[in-house]
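Structures incoming, each one as structure tokens.
Across the two complexes that follow, chain A remains constant while its partner is chain B and subsequently chain C.
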Partner chain A sequence: MAKALDAQARRGYALIAPPFLYALLILAAPLLTILTYSFLTDGYLEVVRDFTPANYVQVWTDPIVRTVMLRSLMVSALVTLVTVLLAFPVAYYVSFIVRPEKKALWLFLITIPFWTSYLIRVFLWKVILGYNGVINSSLTGLGIIDEPLTFILYNVNSIVITLAHAYAPFAILPIFVALEKIDRSLLEAGRDLGESRAMTFWRVTLPLAMPGVLAAVLIVFIPTIGDYVTPELIGGGKIPMIANLIQVQMLALDNRPLGSALAVTAMAIVALVSIVFLLINRRFLKARS
Partner chain B sequence: MTDDRKPMIECRGVHKHYGDYHALRGIDLTIRAGEFFSLLGPSGCGKTTLLRTIAGFEDISDGAILIDQKRMDEVPANKRPTNMVFQSYAIFPHLTVAQNVAFGLRRDPRSKAEKAALVDEALAMVGLRGFGNRAAHALSGGQRQRVALARALILKPKVLLLDEPLSALDRKMREQMQVELIKLQRQVGITFVLVTHDQEEALVMSDRIAVMFDGEIAQLDGPEALYARPANRRVADFIGVMNFLPARILGESDGAVTVEAPGLGVVELPARQVSRANPDDEGPTLGFRPETMTLVGANQTHSQPRETNATIDEVVYYGDMTYYDLRLDGAAGLDGRARPVRISMRNVFGRDVQEVGTRTRLAWSPGSLVLFR
Partner chain C sequence: MSGKGRGLQAYAALYLLFLYAPIILLPLFAFNSGTIIAFPLQGFTTNWFAQMWANATLRTALTNSLLIAVSAAILATCLGIFAARASTRFEFPGKGGMMGFILLPMVLPEIIIAMSLLVVLLGAGVQLSILTVIVGHVLICMPYAIAILSTAFSSLDKSLEEAAYDLGETRWSAFRLVTLPLVMPGIISSLLISFTISLDEFIIAFFLAGNQPTLPTYIFSQLRFPKQIPMIMALGTVLVALSIVLLTLGEYFRRRGNARMGGNPTGGFL
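On to the complex of A and B.
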């Protein structure tokens, strides 16, 4: 038996070897390069091979870095919160109210925004939210407002709106899957044992949907914290997030070691947050297996 | 059965439509307090739908359901004095055993310690003492069912509804649970309504059984009456095994009917052995259970009033029982072919299993026959 398993395992390893090597090359090698760079010294138009922790000292003591890092965390936390809060009712609707034969269609419709490049969607939001955009010109045209609204573009609100829209499907799908897995008789049992629909949702549906919610949180949080395009275009470059700072160091200022140290720091912070969520999720997942 | 107990559940002309599908077609039913009542029928007969309308999970299209003399039309499932044991048990996977059992006690005004004592008591009642801290997902099928029972009974409902609760268990476990459920029901005195497709289970456990076909109640009776005097061929066929022989009616007086059946000859049956509901429209049919007739060896004597010669067609040995398929002499008379009848014999000590092809005698009494016409 053990031998048969070994043969099976060998075949498995052989099968995953090519993509594994590819992933190693594409993922691990750049990561290691960045990690190495972050400990080197910046020279004029070149990187000097002097190992030093100075970049990290600078990153961790610079008040600008701290402000931008905290802003990134805050914005992505806000985006995550808004996205998941908006995604949950949609996932709930598709899972519980849409008829089974229509569910595939709904999921398909939810993924339609992906047919367009993210860049184009960002520009579209700019068109909608802008100074002379759809919202402002309609509202002024209707005489509801005299001055165009300014709080909807080039600030955190507009970044949150754009990102929440972009990541909605990523949040809807895992929550939907978690809701689909809930045995419907559990909800009837909740009602049967004297709880109203709302309390049954609170005591049965929500706890059982938590693995999906936490997955959605991670899926939205991790990419948004490193988002570069949205703050640049929707934020008008006036409210940079950590990725914009890295870009400035790496390309504009040509300080690759410092940029690398920033990147590694950001990565470590995201990893830390993710681990916390994964640990919470494990608790929920354990209850379900 | 005592009939003076007050009615606990009353269904009056209950109809249920799902679009074009007519799931319940005018159910009239009274279940008395403290009764162990079963809804028995093949899948799709409406028995589960009826149970779910009583629980309040389904609205009814017409008619009325009363529980403890109160109309339930506007009462939602969570406000009804019923609790349910689901077919899948519906144990909350994210809670422990004790949390599952205590689920319905949230709004109970008693203190935490009192509730904990109640939970322990309920777990002890179903034989799960000390299981409180187990994770629900670590339980076996039988244990899950016990948790489901404890979770429902702890709320002291007026009616406990059981939706095929034993169908997921293996045979040994099922038989054990049947006995335990009967004992439990006697102990708590709550009205039990069981839905099952297993006729044996219904016969074993119930005070009364409603046999359902196609959204209607075909017969409502105690187990013995149901088995011995099925109302029609369909019920007879569904409950246990019954042999059917085409018969010819020769005469009728005061409800008693004289019939002739191939192989059995002419018999006169009193009115109580005549069932006048034969919707299959197959013409008059005589029915009898396999165990009501006896094979008699060549030199044996018997005390039965009638005797028929037969040939053994097939022998099926079951250990405790042997089934014989017999061709009755003269049975080929009416429709040209001899359909075998099935006889069961208990394999008591000293009785040999007979072989295929043996000529034998069949001893019987007209009292064991039922006429469907």
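On to the complex of A and C.
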């Protein structure tokens, strides 16, 4: 038996080797490189091999970096909140009310916009929300407003709307999967025991759906904090987020150590948030079993 | 039930409208003769499509993008087959960690992948070209390929392969004659999804392509010029139509694969 297991393990390793080595070479090596760079010193046109924590000191004390970092965190937290809150009722509708044979069609409809050109979608939100945009020109044309609305123009609000649109399917799918797993007889039991519909939702459905909600939170939060395109196109480059700052340091200012320190810090923050949510998720999973 | 159901249904319909708002606007502006992207619309024209067709840089960008997307899709799917087969068929110590690491690009901000890869490539003196973009795209397509292929491989009945061994087939011929045809729908769907992801990927292409244009980087460079925007809208319309066709094909193959395995036809791309 032990020998059979060995042979099986050997074949497993042989099979997983090509993709694993590829990831090691193309992902792990570059990540280790920027981790090393982040502790080195920037010289003229080169990186000097002097070990120093100065880059991290700068990342944590520089007011510009702090502003951009906090803005990135705030924007992605807001995007996550808006996206998940808007997505939950849709996932609930598809899981509980749509007839089973129609569910696949609904999921297909929800995912299609996600696969169409990201850049053009982002740009079209600028067209929709702009000063002479679709919303403002329609509202003034109908005589509802006299002046174009300015709170949706080229600012944090428009970045949030655009990103909430871009990551919608990411939020709906995990919540839908969690809702699908709920044993429907539990809900009936809740009703039979005299709970109102709202109370059954609050005390049975929602806790059971929590793992899906938390997965949705993570899946939306992680890519939005690193988004480069939306601040560039919608914010007109005037409200940079962390990705834009990393790019400027790495390329325009050619300060690779500081850029690396920024990237590593951003990754650390993302990892920290992820761990917190995974721990909360574990509590819900434990409660479920 | 009905009152609440109707409320939710109205909400879901509104939500779909929100999701589709940009895509509905796209053809409106692509066929609009006005040069400014705003309402009211002027008149009907197909000029922007003609202009798009005649654009030489755009053609180079398209050729580059197709080359990148086809190569990335094939390579990512091949590597994905190895990983999916390993994870669904064999048990070995450290499997979870290795698979987790291979799937990591799915949850890593793309800017970090692009920047770290760029720093290494520049440091190693590698000339940036569409080749370096392919290298990056294979990395980010691989997790999606694995997710799709794992579903296909895990619904495979192990006894079919064993029957083939008993009938005298070798390990490789059994894989080629029995396993491969059964997971073929999964492979096609993985190729299509990887192709679509690579074709639309901007960040890695933007930083790793050197001075070679790809479709998304070309679009990005043109969005700064108001004069070029109607043509970009025409291009977007074509791209949207194309991805809907590809996705429908992918979905068709995925469902056919599921039906062949006797699985249920629900679920999505992710």
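Odds and ends about this structure:
Please note the rule applied: the second predicted complex is superposed on the first by the 283 of 289 C-alpha atoms of A that agree within 3 Å, B and C clash if a C-alpha of one lies under 4 Å from a C-alpha of the other, contacts with A are read in each partner's own complex, and residues count from 1 in each chain.
We adopt the following convention: contacts are C-beta pairs under 8 Å (C-beta built on N, C-alpha and C of every residue); 3 or more make two chains touch, one makes a residue touch a chain.
What you see is a predicted model; the values in this text were computed from it and never measured.
In the superposition on chain A, A:Val127 makes contact with chain C only, while chain B stays out of contact range. By the touch criterion stated above, A:Leu163 is placed in contact with neither chain B nor chain C.
In the superposed model, C is the one of chain B and chain C that contacts more residues of chain A. In the superposition on chain A, contact of A:Pro113 is made with chain C only, not with chain B. In the superposition on chain A, A:Ala104 makes contact with chain C only, while chain B stays out of contact range.
By the document's definition of touching, of the two partners only chain C reaches A:Tyr92; chain B does not. By the touch criterion defined above, A:Ala215 lies against neither chain B nor chain C after alignment on the C-alpha atoms of chain A.
Here chain A touches chain B in the complex through residues 183, 185-186, 188-196, 199, 203-204, 207-208, 284, 287-289, going by the rule given at the top. Contact residues on chain B toward chain A in their complex (touch as defined above): 55, 57, 76-79, 82-84, 86-88, 90, 92-95, 103-104, 106-107, 135, 137, 151-152, 155. Listed in rising order, the residues of chain C touching chain A in the complex are 4-5, 8-9, 11-12, 15-16, 18-23, 25-26, 29, 36-40, 79-80, 82-83, 85-87, 89-93, 95, 98-99, 101-102, 104-105, 107-113, 115-120, 123, 135-136, 138-139, 142, 146, 196, 200, 202-203, 207, 216, 219-220, 223, 232-233, 236, 239-240, 243-244, 247, 251, 255, 265-270. Partner chain C is touched in their complex by these residues of chain A: 5, 8-9, 11-13, 15-20, 22-24, 26-31, 33-34, 37, 86, 89-90, 92-94, 97, 100, 103-104, 107-113, 115-121, 123-125, 127-128, 132-134, 137-138, 141, 165, 168-170, 173, 180, 197, 218-219, 222-223, 225-229, 233, 243, 246-247, 250-251, 256, 259-260, 263, 266-267, 270, 274.
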